[in-house]
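There are two complexes below, and they share chain A, which is joined by chain B in the first and by chain C in the second.
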Partner chain A sequence: MKQPNSVKDMGKNPGEPLAQINQYEQIPLPPPFDKIDEEPEFAQLSDAAREKYVVLDDTIAVNIEKPKTKEEEDKLVNGFLSGLEKLFSVDDNWTFLQPFEMSMEHCAKCHTCSDACPIFQESGENELYRPVYRSEILRRIYFKYVKKASPSLHGDIDLNWETVARLIELSYRCNLCRRCAQTCPIGADNALLSREIRKIASMEMGIVPKEIHDDGSVLQLRVGSSTGMTPMIVKDNIEFIDEDTAERTGITIETPFDKVGADILLIHNAGEIMAWPENPGAFATVFEAAGLSWTLSSDAIGYDGINYGVWYDDVQFARVAVRHAAIAKKLGVRKIVLGECGHAHKALTVIADKVLTGDLNIPRESSMVTLRDIIRSGVLKLDKSRNDFPVTLHDPCNLVRLMGIVSPQREIIDAVVPEGRFREMAPHGVENYCCGGGSGFAIMSGHNFKDWRHRMTGRRKFRQILNAFQDESMDPSHMKYVCAPCSNCKGQIRDIITYYDAFEKAGIYYGGLVELIVNAMVDVKPGFIDWEWH
Partner chain B sequence: MMTTFAYVVAYLGLVFFLIACIARFMMWSKMPMHVRWELYPVAHEGGGKAAYGGSYLEDTEWWTKKREVSLFGELKVMVPEILFLVALREHNKKLWTRSFPFHFGLYLVGGVTALMLAGGLVVGYLPENIAAPVAKIVNLVAPFLGGAGLVLGIIGAIGLFMRRRSRALRDYTAPADLFNLVFFIAAFGVSLVSLVVYDRDFSMVTTFITNLVTFDLAPVGAGPAGLLLTLSVVLLALLTAYIPTTHMSHFIGKYFAYHSIRWSDEPNLAGGRQEGTIQELLSRPVTWSAPHIGADGKKSWLDVTLEDQTK
Partner chain C sequence: MATFEQGSVSITVDEDGFMMEPEAWNEDVANALATTEGVNDLTEDHWKVVNYLRDYYLQFGVAPMIRKLCKQTGFQLKEIYELFPSGPAKGACKVAGLPKPTGCV
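Take a look at the complex of A and B:
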């Protein structure tokens, strides 16, 4: 394993990776995936990519082209310093000023947070991925080059374009899961600092991974969804989903669109409509069966709850959040209910809480709560025995650690899964591990980034899933269900299962929460969950 | 002459400490409202939710309900955290075995100093029948707790110094971090020697402190005893003044880290008192330079947010 010896290495050995993982030295997984030499080969970065882009480690997320002239080099350094200064300005960064300064000033560099970080742990404790490694570089740059303080006070570092470019890359080696922050005895938050580095890169320098900016928030703001779906396409797709769901359930449904004065505006992550149509179909089935007054919106952005700005850019974030609220206002709904998407939950409920005012300040509710209340009301006739298979629950960080929504999803599972079939992961709830797709990773797959994420970020989750099912037969015919009530987490879990071939080899399947409810509904034809690999 | 110097430095040290702490406190409290960035478990969540990390967002139509905020829940977490550094004990035992004696020693020294200051005020300004028993209690308690505090502080600081020099932490250690610990060891060490050699019953130091609060700058101790007392007072006073100017002021920051960030979950309810502040913040100018922001230094957050992005 190659790793940096020091924080000061960040600007050294240009063009060379600072860290490299030897996959055969990684901690083996639990059975039946415990033979490390039977794991898929870690795809290597191409020479052309190493030639063209700034190199940090085994992969590339951001695609920062190596500067060709001194001017380009200076632009990187000066842009970074200028952005860093703006992070300390009330005007430019009132959004995060206090938490940011707190984390900049009060880290004791005690390494308490290191054990909490799944990436650092799965990397075999490679120094590059230590939560505080990138924070320390940012801090030293700030104190030495912005505050002009003596390096004896805060530590030394050389500043060159390589340092800056690598630091930006390194901010995309963190899931922003904030597990590290939970353990910090002082209250410093390395995840926040990763996000603030991403903000400098995006908001000041215009440097962002394409998947989350150009193909993400920009596309969403331009055409209505990061999936590229326009209002017309989304309506067509939902019509198709209604038909397909009716065929599977035996219950005719018609998803309402743009119903003015409805009680609820339901906003899905549009990825569900494209990749997991059974999820919006299941929501419609449950909401209709419960007799709720609800609607989807066909206004651009109103049918896609994603808000990638939460990972990298406060302005992009605010643009999408305000648009969501404006659509709800136009429809005159009483509340917005967020579908199974963790970051959409956090974005619109918690972060946008300090953005939306006046008639845009429309209450937001988690679908975990809406669904739990439907179950509690007793309006659905449920037969738990239809879910007679082992189920484990993945807790999306955004729902649990960052919003405190922990019990409703468990109450639902209690109501729809037979006793003894549910097994918690360890740890779970607010101490959960990220699926590995957090902070945009689930949708990032340039070069060999997907491989990196499976080996480094998703591996801990896969380990947890396997451990949760250890007392079950791992025969592929014995199906096991990983319930992930979040679109991004679901995508990531699908990708890990595919990478390790865990459906074929161990019968590990995945899906959302509302699907489990519909699968248990007595009025629905049996077999809503079809156990087909999609 | 020497003791007069000690009095002056002690006054300056205490005054500087207070001013710097207040300034630091004001700095944190004057910061603008930020977006919510809470981290669960949030200790004040009521209804048994704090135990598993739940929040009011789990409640049906939470915005229609009165939020249950439990001060007791906060104290249940805060007090053991401050006294015993629970988070560190749970997540970093190795460091805790050094950091806990250091911090606890510091609390004892600080506590005993405060006790002697209070005792000094009683002795200096209240009638003899009240002052005498108070002085007795102070004289009884101070040597024991003060001595224990100094010893624990020194042991902890040496442990922390060695840990900072260890392979694991060395690279993350600035010279100032080592200096801070040496400063503690020196100030506490000199005080301990002074007390053990010349002032085992703390009579000199209590007299000094009583004089300090009654503004009677009479010399205390003579010869090497006075000299050592002066040296220890000067070092402790300088250390006291120095602490809030460094990252060791985290004892102030930590309050805000918890109350204004980690546990700050108060929702902005429609028509509530937060909305005005938010509108003011949204009207502030943006100067971020990336082209997609579309800022020109005059446009506000609201302007750039509402700009048409469909083109």
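Take a look at the complex of A and C:
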């Protein structure tokens, strides 16, 4: 295993990777995937990519071209420094100044966070991925170049383009899961530091992975959704989903659009509509059966709850959040309910408090709570025995660790899954591990990034899933359900199941939470969950 | 961004091999792209999928929902995976000259 010896290595040998992982030295998985030499081969970066872009480790996320002139080198350094200075200004950093400053000033280097970080652990404790390795570089730059403090107090660092470029690339080796922040005895948030490095890169330097910016928030602001769906297409697709769902359930539904004065504006992650249509179909079935007054919006952006800005850019974030609230205001709804999407929860229910003031500050609620209340009301007739298969639950970081929504989804599972069929992952709840797709990783796949993600971030979740089912037969005909109430997590879990061929080899299937409810509804034709791979 | 060349075909593709200029697509391009997906011979069934994707994309500027693709072509998803081993989004869309899917899909 190749790894850096010191933070100063970041500024040396720009063409050489600082860290490399040998896949055969990784921690083996539980059975039946315990033979490490039978695992898929880690795809290598091409020589052309290594030649053209800044090299950090085994992969590339951001595509920062190596500077060709002294001016380009200086631009990287000066841009970074100017962005860093702005992070300490109340006018420029209106989102995170306080926790950022606190996290920059106070780190005792106790390394408690190292044990909590799944990437550091799965890497075999490679120094490059140690949470404070990244933070220490940023702190040293801050103390030396922004605060002009003596390096003898806080440690020295040479600020050159190699360090800046690699630090930006390194900010995309963190899922922003915030287990480090959770465990820190003094409350320093090293994940926030990763996020703020991304923010400097995007807002001051225009450096950002295209999947989350050009093909993400920019596309959403331009056409209405990062999936590319325009209002006309989304209405057409939902009409199709209504028909398709009715065929499966035997219950006719018509999803309401733009209903002025409805109680609830439901905002899905639009990826559900494109890739997991049974999820919006199940929501409509449950909401209609419960007699809720609800609507979707067909206004651009109003039908896509995603807000990729939370991962990297405050202005992109604010543009989308304000649009969501303005649409809700226009419809005159009492509250916004967010579908099964973790980062949409973080964006609109938590961070948006910074921008939604006055009559834009419309109440926002998690669908976990809405669905739990429906279950509690007793309005749905449920037959648990229809979900007579092993179920485990993934806790999306933004819903659970960030917001503390732990019990509603479990109360629902308790009502729709027979006794003895549900098993928790270890650890779970607020101490869960990220699916591995957090902070944009689930949709990033340039070069061999997908392989790096499966090896370094998704592997821990896959390990947890396999461990949760260890008391069950791993025969593929014995179907097992991983419930992941978040589109991003679902996409990542789908990818990792595919990578290890775990559906074909071990009968491991995945889906959302609301699908389990519909699958147990007595009024619905049996077999809503069809176990068809998708 | 890279150039993909095979026989008389020369097109610009992204890092995952998706076309950067979908308007440059033609049947020869489809045949050439298919080989990168492990499909050496495009049968009538392959074309049924490719043509549906292509028509939908030209009309709406975006890929269809996967379930719509299945319903409209009459193929089960399993059969589409048999036709295009890396699946409808990454395999079939690539051969049909669509850009890489975007968003949380």
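Throughout what follows, the second predicted complex is superposed on the first by the 534 of 534 C-alpha atoms of A that agree within 3 Å, B and C clash if a C-alpha of one lies under 4 Å from a C-alpha of the other, contacts with A are read in each partner's own complex, and residues count from 1 in each chain.
By definition in this document, contacts are C-beta pairs under 8 Å (C-beta built on N, C-alpha and C of every residue); 3 or more make two chains touch, one makes a residue touch a chain.
Source: prediction; values computed, not measured.
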Fit-or-clash call for chain B and chain C when the two complexes are aligned on chain A: fit
Touched partner set for A:G309, first chain B, second chain C, both or neither: neither
Once the structures are superposed on A, label A:S487 by its partner contacts, choosing first (chain B), second (chain C), both or neither. second
Just chain B (first), just chain C (second), both, or neither: which does A:G216 touch? second
Applying the document's definition of touch, where does A:E136 land relative to chain B and chain C: first, second, both, or neither? first
Quick one: is A:T227 in contact with chain B, with chain C, with both, or with neither? Answer first, second, both or neither. second
Specify the partner with more touching residues on chain A, choosing between chain B and chain C. B
Is A:V430 touching the first partner chain B, the second partner chain C, both, or neither of them? first
Once the two structures are placed together by chain A, how many degrees is the angle at chain A between chain B and chain C, based on Cα centres and rounded to a multiple of 10? 160
Once chain A of both complexes is superposed, is A:N237 in touch with chain B (first), chain C (second), both, or neither? second
For the superposed arrangement, tell me the lowest C-alpha distance between chain B and chain C in Å. 17
Please name which positions on chain B make contact with chain A in the complex. 28, 31-42, 45, 49, 52-63, 85, 87-88, 90-92, 95, 99, 168-169, 171-177, 247, 250, 253-254, 256-258, 260-262, 265, 267-271, 274-275, 278-279, 281-282, 284-293, 301, 304-307, 309-311
Chain A touches which residues of chain C in the complex? 2, 14-16, 60-63, 65-68, 71, 76-78, 81, 89, 100-105
In the complex with chain B, residue positions of chain A that touch it: 5-8, 79, 82-83, 86, 89-92, 94-99, 101-102, 105-113, 115-116, 132, 136, 151-155, 178, 181-189, 192, 202-206, 213, 218, 221-223, 300, 315-316, 318-319, 322, 335, 349-351, 353-358, 361-363, 365-366, 368-369, 373, 400-408, 429-431
Within the complex, which stretch of chain A touches chain C? 48, 211, 215-216, 219-220, 225-230, 233, 237, 240-241, 244, 269-271, 273-275, 277, 304, 306, 341, 442-443, 445-447, 487-488, 491, 532-534
